[in-house]
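In the two assemblies presented below, subunit A is common to both, partnered first by subunit B and then by subunit C.
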Partner chain A sequence: MMLQLLPEFAALGALLILFFVTLGNNVSDRAARWITLALSGFVLVAAIAAQDQSGLMFANSYKLDTYSQFFKILMAFGLMANALLGWPLRSVPTAQRSEYYFLFFAAGLAMMLLASAFSFLVLYVAMELLSYSLYTMVGMRRARTESIESSVKYIIIGATASAIGLFGVSYIYGATGSLNFGALIDSLKGTTTHSALLMPGLVMVLSSFLFKLAAFPFHAWAPDAYETASSPVAMFLASVSKLAGIAFLFRLVYMVKPYMPEFETVIGILALITMTFGNLVAFRQTSVKRLFAYSSIAQAGYLMLGMIGFGDSAPVAVVFYSAIYLLMNLVVFAVVLELERYGEDPTLASFQGLYKRNALMAMALLVALFSLAGVPPLAGFFGKWLLFSSAAQGGHIWFVAFAILNSVLSLYYYLFLVKAAYFGDVPKEAVSLDKGGSRIAILVTTIAIALLGLYPRVLTEYLTGLNFPRSLLP
Partner chain B sequence: MSLSAYLILSAVLFLFGAFGMMERRNMVGLLISIELMLNAASINFMAFNHFLYPGTVTGQIMTLFVIGLAAAEATLFLAIVFAVYRHYRSINVERVDHLRG
Partner chain C sequence: MTIPILSLIILCPAIGVVLLFFVPEGKEKIVRGIALAVSIIAAFLSVWMYLAYDRAAAGFQFIEQYAWMPGLNSTYHVAVDGVGMTLVLLNAIVMLTGVITSFSIDFRVKEYFILFLLLVTGVFGSFICMDFLLFFIFFEIAVLPMYLLIGIWGSTNREYAALKLTIMLLAGSGLVFVGLIMTYFASDVRTFDFITLRDSGGFSPSFQNIVYPLMFLGFGTLAAVFPFHNWSPDGHVAAPTAVSMLHAGVLMKLGAYGVLRYGIELFPQGAVHWGPVAATMAAGGVVYGALVAAQQTDLKYMIGYSSVSHMGLVMFGLAAGTPLAINGAVYQMFSHGIMTALFFSAVGFFYEQTHSRNINEYGGLARKVPWVATCFIIAGLAGVGLPGLAGFPAEFMIFMGGFERFPVLTLIAVPSLVFGAFYMLRVLQKVFFGPEAGFTPKVHDIGIFSGSARVLLAGLIILFGIAPRLLSDLIAPYAMELLK
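After this line comes the complex of A and B, so read on.
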């Protein structure tokens, strides 16, 4: 069991080690950082070592399969990248930095549990652990009191969403007599007219997950949280924490979809509203972090569209795009972090003349933004192509047409940033960008985005080989 | 008492909670509303367990988890409300509204 749950135990161990090491408050910032990096590396190794594990555990409530194990690798990679790129935590108050790392691994553990959750009990506990960590992390901010305001908004919306989800779970329990997903699917299969409680229950659970993805109409917390939280936290929210929501929501949708066709239409329509809303509101933003909050809302819309795609191609499309999404957001937020040397929030103006100040970073930004917009030949284009073609195969051709329009629309505000970075003049008070430890990490990630666009088959063939449809269906 | 009596009670409690979330302006009032919604779910779990699936304990275990997590949530929420009060000198959501959200 120890071996099967290696990544989870590694994250738990990291959490406990950081808790005890930082308890006395006599560990220097630097030491805490190196400990975090080493521990996140260990979690990544553990996740890779456990990639072939499979099976149902704990009275069928925890499922290890190729899907969950691959997501765990992605999450562990994201954790490590966050630890590496997020440093130094300029905008996090010094006294809270060790707690930040503790919560970092608590959230990491919760995400891994979510990827494997196969019962509503595990789901509920993991989701709460993740949410509690994030509520606290959002409030950790120096020199901006509004961060505590967005933290309180986040917890109010989040707690309401989880209460609604829990009420939905209670109806599902009433209808099936069990909290297991296996039992849920059995009861969906067995009877043509399921208990009247099942459908409202599922809708309530679904809506609480839309909150995790910041999808319409549960998006209101995201822009405030991204803007006022310190940038490493915003990076964490935008990159890894979203993967957890995607990983779980897709597992549920994929299992339920064959028996409830109406589910597909609901998710499709919500996906369209989400991406359109995200793209349209992103136009008017001057704060860059707010802009990326709306952009990530729109990206969640594309992913939701992929979730209702054709059964055999949808899993690869969703997992591929999740991986790309992680890389693109890491690059974008790494650049944002470099620009806020003193912990202030970058605006569109701080991107002016980035090319003249640091050509490499401007190039990385260009690649990541074009990839987010879906410009060929970058990885984002191929990822979107997979998502949309899968949805089209699933018979949602009109949704796809609308999504393509949306993705053209999004190019406009991404180009805004590119224009500022390449053609703007360098502002007088601009900080020097000559030094920066994350330089190599940014470069590597950018090259990965470009290469995955040119040779996507390397990853898609690997993902196809993992045979997700078989491991997702019980 | 039948199952439907409990289900109606929990639905009414849940709606009270949801109504409170929309109408309350005091953060502690919001916390009470959230607790009402969580307790409505707990009543459902216990009632289903007792009437439909006697002899099993799934619903009871879930209720225990809900109680524990609700306590943790209240602690965290109150801690954040304290921090809000220190900065804004108010715990009214309308006064704490500098962001555009």
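After this line comes the complex of A and C, so read on.
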């Protein structure tokens, strides 16, 4: 069992180590960061080591399969990247920085649990662990009262969403007599007429995930949280924490949709509303972090559309896009963080003349933005191709047409940033961005985005080899 | 082993891009030298290929195919037929003359040439890729650098024009993307390979009727088909000279090429079904472009709108679909490409010296700068279809072919040419002849190096006007083949 749950134990161990090491505040910020980096590397190694594990555990409520294990690798990679790039925690009071690293791993552990959850109970516990860690992380930026405000907003929306979800679970329990996913699917398989409780129950459970993904109509916390939280936290929210929601939601959708076509339509419509809303509202933003909050709302919409794709191709599409979504957001926020070293909360104006202040970062930003907009030949294009073609194959060509229109819309605000970074001159008061920073990490990630677009085979063939459809269906 | 000439042609500008990345900041001579060198090599290879193309055999030649995405049945498959050959040649010419014209760019030179060559790479790739997915990727590479090229180095209202252009073209490629997905899943063969799709795609007539409009509008936006043309005059005006040359000279042809290849060839029944609508839009563009061009006092706007009119002719020929009309349309793509490149390069020459493009601020330029004036006049006369210049055979074939299928529309479109001729002659008279006026005294004659680009273009206009067979030998077999 120890070996099977290696990544989870590694995350738990990391959490405990950090807890004891940082007890009493005698560890410097720098040391804590290095310890975190080392431990997250250890978690990544553990996740890779456990990639072939499979099986049902703990009374069929916890499932290891190629899908969950691959997501754990992605999450561990995301944690490590966050530990590497998401630094320094300038706006978090010194006394609390060690707690940040502790919460960092608590959230990491919860995400891994979510990837494997196979019962509504595990799901709920993991969800709450993740949410509470994130609430606290968002509220850590004491110097800005809005940070507390958005944390409270986050808690209220989050609590509402989990209450609704929990209520939905009670319906499902009433309909099937079990909290286990296997039992849910068995009861779906048996009959063509489902209990009247099932559909409302599922939709309510769905809503708690829409909250995690910041999908419409549970998106309202995201813009405030991204904007007012300390930037490394925003990076964490935008990149790795989304993976957990995606990982679990897709598992549920994938299992349920063959038996309940109407569930598919619900997700499809919500996906469209989510992406349209995210894209349209992003137009008007001047704060860059807020803009990316809306952009990531829209991105969640594309992913949801891929979730209702054709059975054999949807899993690879969703996982591939999740992976590159992670990369793109890491690059974008790494650039934001660099800019933030010389003044807080970047606006569109702070990107002015970036090409002259630091050509590498301007280029990384350009690549990441075009990739987010889904422009060939970058990875984002190929990811969208997989998502959309899978949805089209599943018979949703109209949804796809609408989603493509959305991608074009999104280019509009991504171009704002490109414009700021490349047109015009450097403002006089701007500081040089010549030294320090995570140049190499940014460069490597950017190259990965470009290469995955030109040669996506590297990843898609590996993912196809993992045979997700078989491991996802019970 | 045969020489992979098509790959070499794509690689020229692509290698240029990579090399330029490593040139240190401030070494502008090296940057320009590299750009010039790769474009000379690409032009040389294109001419060589033009000579080596087996006209008797026709069909696709210089074929290369390597695996790229086997899971999707997408390959790196390059080949040219008569149309591809013509357009590759056009692109090589415009690229070379564009690079020469761009020597006057004096800030952020390295980035400029990187983007310029990237754009050219995309255009070459689109013209020779016989794989729909890869074609689409190259197509986007050709469109996107435009945003930065116009936004950074442009003039009048550049940020607005750049944004409008990018969004409209991307919306167009969005339509193509939808069509691409539908084509892939509706075909019997599940491949992106163009030749396989065309020969054994098995698309039902009702499916063709749905997809063809996506292709026509999607690519048509890039070809500035009326009423989706309005990004183009703004874009031309704002863009720096060489980018206007590429844009009007080659990129708009890429749109027409897309309609021909991935619209008409893939979905012939859809094309016939929508023919009347397409022809009406195209004829609308011909008339509208000519009328609006006549109202302009800005030389670039005038050329921009006359481009809309000329591209309308190309689309009209394609919509008519008779062999003669298609032949004329492809011929027009080539001759209009060279002609507008020359136009924009001449206007750019004046603008750089006086910062004015207003017709009323010039007069009597012919005495001051006889070489450039002659080039401009040749382009202008070719534009109005004077026999003996490259525009004439093209327009003649389009109208002859078009009349067979759409007599009324043809009769509507023809008078606009007369109107255009009248106006063009007035502009030529005003700007080049008559008393010296306005900014004219400030204009100095052109240097030999930069003049060579204009003279080359003007020479080609005359050459392809006198000897249309140089091209129609390539195009005619294609057009005949298409009709089967």
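Following the convention adopted for this analysis, the second predicted complex is superposed on the first by the 470 of 474 C-alpha atoms of A that agree within 3 Å, B and C clash if a C-alpha of one lies under 4 Å from a C-alpha of the other, contacts with A are read in each partner's own complex, and residues count from 1 in each chain.
Throughout what follows, a residue touches a chain if its C-beta (ideal position, glycine included) is under 8 Å from a C-beta of that chain, and two chains touch if they have at least 3 such contacts.
These numbers come from a predicted model, not from an experiment.
Visitor: In the superposed model on subunit A, is it clash or fit for subunit B and subunit C?
Guide: Once subunit A is superposed (C-alpha atoms), there is room for both subunit B and subunit C without a clash.
Visitor: Who does A:Val400 touch here: subunit B (first), subunit C (second), both, or neither?
Guide: second
Visitor: Taking the superposition on A as described, I'd like to know which of subunit B and subunit C A:Phe388 touches: first, second, both or neither.
Guide: The second partner, subunit C, only.
Visitor: Between subunit B and subunit C, what opening angle does the Cα centre of subunit A see in the overlaid model, nearest 10 degrees?
Guide: 140
Visitor: In the overlay, answer first, second, both or neither for which of subunit B and subunit C A:Val458 touches.
Guide: The answer is neither, since A:Val458 touches no partner chain.
Visitor: If you stack the two complexes on chain A, which partner ends up touching A:Val408: first (subunit B), second (subunit C), both, or neither?
Guide: second
Visitor: Could you let me know whether more residues of subunit A are touched by subunit B or by subunit C?
Guide: B
Visitor: Is A:Ile440 contacted by the first partner subunit B, the second partner subunit C, both or neither?
Guide: neither
Visitor: How far apart, in Å, are the nearest Cα atoms of subunit B and subunit C after the overlay?
Guide: In the combined three-chain model, subunit B comes within 28 Å of subunit C at the C-alpha level.
Visitor: Using the touch definition from the top, list the residues of subunit B that touch subunit A in their complex.
Guide: 10, 14, 17, 21, 27, 30, 34, 37-38, 40-42, 44-45, 48, 52-53, 56, 58-59, 61-62, 65-66, 69, 72-73, 76-77, 80-81, 83-84, 87-88, 93, 96-101
Visitor: Report the residues of subunit A in contact with subunit C in the complex, numbered from low to high.
Guide: Residues in contact with subunit C: 355, 370, 375-377, 381, 385, 388-389, 392-393, 397, 400-401, 404-405, 407-408, 411-412, 415, 418-419, 422-423, 456-457, 460-461, 464.
Visitor: Where on subunit A is subunit B touching in the complex?
Guide: Contacts found on subunit A: 120-121, 124-125, 128, 132, 135-136, 139, 145-146, 148-153, 155-156, 159-160, 163-164, 166-167, 169-171, 173-174, 177-179, 220-221, 223-224, 227-228.
Visitor: Mind listing the subunit C positions that touch subunit A in their complex?
Guide: 68-71, 111, 133, 136-137, 140-141, 144, 147-148, 151-152, 159, 163, 166-167, 170-171, 174, 177-178, 181-182, 184-185
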